[in-house]
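Here come two complexes built around chain A, the first alongside chain B, the second alongside chain C.
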Partner chain A sequence: MDRALITEKLTTIFRSVFNDQAIVLRDDLTANDVANWDSLSHMLMIGEAEKEFSVKFKLKELGKLEDVKSLIDLLEQKIQSK
Partner chain B sequence: MVFTSFNFLVFFPTVLVVYFLLPQKFRWIFLLAASYYFYINIKPVYAVLLAAVTLTTYIFTNLIAKTKSDGKRRAYMVTSVILTLLPLFFFKYFNFVNEGIYSLLNLVGLHLQLPHISMLLPVGISFYTFMALGYTIDVYNEEIDAEKNIGVVALFLSFFPVVMSGPIERAGNMFHQFKGKLEFSAEKVVQGLQLMLWGYFMKLALADRLSIYIDAVFKNADQHVGSSLLLATLMQPIRVYGDLGGYSLIAIGCARVMGINVIPNFNRPFFATTMSEFWRRWHISLIKWLTDYVYTPLSFGFRKYGMWGIVISLNLTFIISGAWHGAAFNFLVWGFIQGVALSVEMLTRKSKDAFEARFNLAKKWWYMLFGCAFTYLLFALSLSFGGDAATVPEVLKILGRIVTDPIQMPYKDGDTMLYGFLAFAIVFIKDFMEEFYPGRVLLFNNKNNTVRWLAYYCVLFLIFYLGIFSGEQFVYFQF
Partner chain C sequence: MSEYLIRKAKPSDIPFLADVVIASEKAMSDRLSFTTLFNKPEEEVKQLIIQMFEEEVDGCELSLSSFIVTEFEGQPISGSGAWIEGFNGNMPSGILKSNLISYTFGKESIEYLKTKSHIVKDVMIDREPMTLQLEYFHIKNEHLGKGLDDLLMKRIEENALAEYPELKKVQCQIFKNSVFSIKILLRHGFRIVGSYKSDNDDIFDYLPFNVKLLMEKEF
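What follows is the complex of A and B.
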């Protein structure tokens, strides 16, 4: 799965979980830029991403996510190593 | 040694003078000595406990860092967490657990005498224990390197401005400051003193003034009418804001004067329009700690249950937060109310967003006011269980009387109510301006020397005029 497709699928998840159809993912997007992206909804998004891409995150990996780029990088890495 | 004591008024300037006279490389060592002196001053034997937690944290974080095997690293982390928590459990929960066991045994007809500890909870133990745990878990998660110098770890856990009631600091924020250049900065000295001045106002003029009324009512609840109980209940959040908020500002200010930045603890909490927003503004360092080390692992574990996993994690986190505040059922109820309120907000978020969008409510002042008032009332109600009125049945009785007693004039304590209201009005106006018109009215930060100094003198005068100087303890020392 290429990066563009990951971004597309992730955009659908973000729009649904954070309840905002206007969200456009960009590499430097962080929780500060999205109204409903807080610690409560963050784990919902993580759970949805795991289901969509059939991957499993480690807790330690989540602590290192700083922005959308790091999330897409991690997803890409996990999908490739499947 | 309490921030509002005469001893501290001698201790802090003396520490400052010696601190800035010493060469930079020795300053952190002096801070460590001063911090232990400060702590020993409370009760020498408790410093041994603080030192033991420091040593445990130091040894295990370094073992974790040196070990390659995942299993061993985990074992070291778990062992360190258990050993660090042991003193807290012993001092804080031993009697609570024993009383629970005693009641259970009583139910089945066994009347056993169980041991009871009659020692006071070591001051600050809940705070430095959480700081030590956070540091250990950060090292385990490879988010920070293990510190090789035990003195730096000791200073982190004993740093006198925060050791007694927080803010609950992170090693990642403090270590590099202790090891870096602790330079004199006139700008930081001024900022720090401004924070301290405002902190003293919040504590002495607001919290301690309101305490007179609240204590008079709650300590004799049976003698007071429902309207007095309601008024005292509504005053509680303001009192705790003045107390812990004031303490936090003094602590942050002390550290800032010495050139050290400590994380903030409050951000104008009464302007929160929802409970989730409230908890991003109230006791921020504790909530951030609980989010990172309790809620996140829990919600990660429950993530396959989607929204309900979040609800379970939220409730467990706030019940743990309740238990952290005190070893009694009323604190668990307090935590449970927060958990339920946040869960309801989480579950109804989408429909609430749609409702607000449909009627364009989000920026309407009256809708925001309603949100602030509702959040405040909910928190005040929950605080009845986390406040002074001891047991759950007693709190329920008070709440019942608030609803059922006929409306009468509340208990009047003219001076307290007038001075308390004045102090609150000043704090409220300051917070309101900073919330909605930031930078519009500058007093402490005014470029004009006369305005700035006039503001300092005014606050100082108000502290003496409205403040209470009876050596009241800070509410959070008991935690």
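What follows is the complex of A and C.
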């Protein structure tokens, strides 16, 4: 799966979980930029991403997620290593 | 009073701290959000809380480093958690806690949460960066009324100010039905600065109460 497709699928997840159809993913997007990105919705977003891409994040990996770019990088890496 | 030893929490305290978290989360009710929102029995929840503490993620309410413990005759009798929000470049504590729960509780629990999260949204309160966040303050019943809360509050504030002298305030999020804890906080100079209410009656099946207060004290 290439980066563009990961971004597209992740955009669908973000729009649904954070309840905002206008969200456009960009590399430096963080929880501070999205109104509904709180602790509850963060859990749901991680859960949806794991389900959609059939991956399981390690706690250390989650702890390094600083922005959308790091999430896409991690997904790309985990999908490739499957 | 001198027989009380107040110290930083250590790994051997973790099972006790799991009990502290459970007792504090219930907040004078029998509702434990870790069970009701994630569809897990309390015994399993206790083990999962222990696992989360053992991960030693700093900077949130499930961090071993956030806690101080009081010992009496060699046994832990109180546990209190507090951390400086976002200190040392830490992520927001809510995200750290969510990562811990996502990792520990598993897919089915997160799927279950998805069907319930709308019920509790209205009582979720953002934490203010670079403030001291007080969460979980539990003293065993037989040691209540002996002035230990004064000692603990003082120690928590001293520890935080030693770490970050520019600290401006301490905040605490607390359900409105926790009347005794609210009284203690008011006595220690806290005031109520916000009230967050859910009008969804189902919330009583999942959380201790439908109103959460934000209390704070400036240094």
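Throughout what follows, the second predicted complex is superposed on the first by the 82 of 82 C-alpha atoms of A that agree within 3 Å, B and C clash if a C-alpha of one lies under 4 Å from a C-alpha of the other, contacts with A are read in each partner's own complex, and residues count from 1 in each chain.
Definition applied: a residue touches a chain if its C-beta (ideal position, glycine included) is under 8 Å from a C-beta of that chain, and two chains touch if they have at least 3 such contacts.
Quick caveat, the model's predicted, so the values are computed rather than measured.
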### Task
Would you sort A:29 into first (chain B), second (chain C), both or neither based on which partner it touches?
neither
#### Entry: First, second, both or neither for A:55, with chain B first and chain C second
neither
### Query
After lining up the shared chain so the two structures overlap, which partner does A:79 touch, if you call chain B first and chain C second: first, second, both or neither?
neither
### Task
Would you check which partner chain A:38 touches, where first means chain B only, second means chain C only, and both and neither mean what they say?
both
### Task
List the residues of chain A that touch chain B in one complex and chain C in the other.
38-41, 43-44, 46-47, 50, 59, 62-63
### Query
So in the complex, which bits of chain A are touching chain B?
19, 36, 38-41, 43-44, 46-47, 50, 59-60, 62-64
### Query
Where on chain A does chain C make contact in their complex?
31, 38-44, 46-47, 50-51, 57-59, 62-63, 66
### Residue numbers on chain B that touch chain A, as the complex places them
141-143, 276, 280, 291, 295-297, 299-300, 303-304, 306-307, 309-310, 313-314, 342, 346, 349-350, 353
#### Entry: Partner chain A, residues of chain C touching it in the complex
55, 57, 91-92, 94-103, 107, 110-111, 113-114, 117, 120-121, 124, 126
